[in-house]
Amino acid sequence: MELPLAVASVAYLAGYAVRVLARDHLPRLGVDLCVGVVLGSWAVFVTDYAVRLRLSGLRPLRFVRTHLMDTVVLVLPLLRPVRMVTLYDRVQRRRDQPRLSLYARVMVYSGLSVSLLGFAAALTVYHHEADAPGATIVTFGDSVWWACATLATVGYGDVAPVTPVGRVVAVGLMACGLALLGAVTGSFSSWLIQAFTREDEKPAGGHRDGEGPRGDSPGAS
Amino acid sequence: MELPLAVASVAYLAGYAVRVLARDHLPRLGVDLCVGVVLGSWAVFVTDYAVRLRLSGLRPLRFVRTHLMDTVVLVLPLLRPVRMVTLYDRVQRRRDQPRLSLYARVMVYSGLSVSLLGFAAALTVYHHEADAPGATIVTFGDSVWWACATLATVGYGDVAPVTPVGRVVAVGLMACGLALLGAVTGSFSSWLIQAFTREDEKPAGGHRDGEGPRGDSPGAS
Amino acid sequence: MELPLAVASVAYLAGYAVRVLARDHLPRLGVDLCVGVVLGSWAVFVTDYAVRLRLSGLRPLRFVRTHLMDTVVLVLPLLRPVRMVTLYDRVQRRRDQPRLSLYARVMVYSGLSVSLLGFAAALTVYHHEADAPGATIVTFGDSVWWACATLATVGYGDVAPVTPVGRVVAVGLMACGLALLGAVTGSFSSWLIQAFTREDEKPAGGHRDGEGPRGDSPGAS
Amino acid sequence: MELPLAVASVAYLAGYAVRVLARDHLPRLGVDLCVGVVLGSWAVFVTDYAVRLRLSGLRPLRFVRTHLMDTVVLVLPLLRPVRMVTLYDRVQRRRDQPRLSLYARVMVYSGLSVSLLGFAAALTVYHHEADAPGATIVTFGDSVWWACATLATVGYGDVAPVTPVGRVVAVGLMACGLALLGAVTGSFSSWLIQAFTREDEKPAGGHRDGEGPRGDSPGAS
């Protein structure tokens, strides 16, 4: 059941992206196709959720609370692409590789989630801002630039959403993105300190490469 | 004694909110009612503080120092809504549920405090900025948007307080909010790393759901 | 020797503050007095440094490296007020109080340093920006507002330095201030998590106050 | 082999810096020389990479994955100066000094990397922005100021890149710089807390210097 859901996530994001980015050049049929893909993938999620609710034998309210993440993804289409991260996890497991170290995994997982989240937010904000009066986000490039500056908490303010929908999406991006990015930088710091500690414990003078501490390379460990 | 204080907090915030948000549409009587509610709830806090000071048998100066949080809340009305968080704590305890895990509790407590703090700050800033010459915060929506961008340390600068009172409130929001938000993201990172660690220790290949690590659901633990 | 140095720090900061803030209203004599106080306190630092260098019996280069902080304070007048923090430390110790818990001490020490640093930076930036063409920082209030927004990394950008000196001071404030503030928020998070952990271990239902976790009050422990 | 690579890094950065900063005053020959130096140092990197790939006996794809850092540096010239950090490491080791403590080393290593990264990014952004229509970054000073404000996540927005290349470089600077800076501030916090802890364990009242906790001075330990 995992693969179809991931495919539905990709389809959802791709359909929405084509719909938003090519809206001026898309024929009537294309728009309908995109909307169809988006609604179809939504239907897949609803069906999966309903089947699992039935199979679990739990009361609906309790199921909602123990499967909070699934419910949120069901209601907020913007967060749906985060499910695509599971596809990466699955692909990596199938190839029978030793899994990445803990910190590397947290970084990859959070980093991918943040990227997808930022892309989805940039799409939605561009969708709602592009035609608004007084908008500073007028191209998709502006929107991506805004999403990056927001996720890094730099916030230059040269471009910023002005519509209510755009601002609500922006607040959501801040809330989710910053927590995930905190996990990325936190893991990176821990990994860096751990790498230096390990180098300290090795006998000095014996390593050849000059880039400082060595990482946990997936093939080597 | 806890419930009346929480009710007084709610009344304080609600009275102030109605006073600020509906000021143009409120009849004379409504304004008086709101001010009455605000002053009344303030009186409840003062009474509670005085009674506890008397009961503790400590010298006033020492009581102020050992009950720093209470004193701050008494003097700075803006921080009062933070007391409402205790209501949530109480409601959850009464329903005899197993309490949330440590990280989840820190996140919920800090998150609620930050939300209330941000709402109170947005109200106050809107109250003082709306009619100021050269102000960029002219609607309550602007004020909430500003509070969110400030708490996330993004700070676009498209809207920013210009009056002295507004700026003092803003500095207070930064000081309190960022420390609390640091606790939220710190706990989230720790929880994420812990969740991945726990998954590592489980035998691989046996879990069905695809969303990566499982959270500490309140009912399951 | 500690007390005279702290007094010299206070004198330095006070002299510079009066010189900058009251420059339009100060008679010729007052300006000379301020400059005299500033130079005099500087001389105290230089003397102290020279005496300690002589007494230590180390080579100058080695002394510079083992007393890096003193040397930096000697060369960069802006960082001098940070020494005033030692006065607080000394006052507290003399009164024979049990010292604050570790986290509280890190927070107080870093918080005081950050405040003094921000005040000194606001003074210097105001001193150099106020008359610059195209400056947005035109009052001391603007300068303090800018320093707060910078230390919180919010950076609205409504006011920002435009002169080279002002920008160099700003970069120094970012570098020192953010590292110290990271210590404050880091300690606060650790303290919050620790406070919740301790509450978990206590038997439930027995505590009366409703503000959640109790702090390490200096008098109680 | 380490020293030549570090020299090539310096040559690369210096050549590019002269090319960008002195472009209006450089004779035709000077420009050619700079381009020659840049290309020459690039050739050194390519050769080193090829030789190591051959000597390792690994398949190319696997080599790329286990030497990810080297590959990134090879493809993205902007990151090359980070290799210069190894020169510092080597110089310090040759002088047979006891190495810095762990936290100090993480801070020095990350701090140097961030500085070089910021300098390289400021160069590149200035190179691409200076002549763009509507650009706010018009001098190299503006560019350095922008890089500092970006790395501190303050982001005033008074100067910000407007060209696509400038914005891509900016996003790269945010991603790399913030992770490294997180390591710096994280290490600093840990070191500060550790220094306070150590002071707590010492018998009180015996230390003479007034700067609070003592650092790990390289010569003393």
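As written, the chain order gives the labels A, B, C and D, with residue 1 at the start of each chain.
As a working rule, a contact is a pair of C-beta atoms (placed from the backbone, for glycine too) under 8 Å apart; a residue touches a chain by one contact, two chains touch by 3 or more.
This one's a predicted model, so the numbers in the text were calculated from it and none came from an experiment.
Annotation of subunit B and subunit D: jointly contacted by A, C, touch as defined at the top. Placing every chain at the mean of its C-alpha atoms, the farthest one from subunit D is found to be B. Of all residue numbers used where subunit C meets subunit D, under half belong to both copies. The two sides are thus made of different residues. Copies subunit A and subunit B of the same sequence differ by a rotation of 90 degrees once their CA atoms are superposed, given in steps of 5.
Once the centre of each chain is set as its mean CA position, subunit A and subunit D turn out to be 29 Å apart. Shown for subunit C are the residues in touch with two or more other chains, namely 149, 153-157, 186. The touch graph of the protein chains shown is complete.
Per the touch definition, subunit A reaches subunit D in the complex via residues 141, 145, 148-149, 152-158, 184-186, 188-189, 192-193, 196-197, 200, 204-205, 209-212, 215, 217-220.
Residues 153-157 of subunit D are the ones that touch subunit B when the two sit in their complex.
The residues of subunit A lying in touch with subunit B in their complex are 2, 5-6, 62, 65-70, 83, 85-86, 89-90, 93, 99, 102-103, 105-106, 109-110, 149-150, 153-157, 160, 162, 164, 167, 170-171, 174-175, 178-179, 182-183, 186-187, 190.
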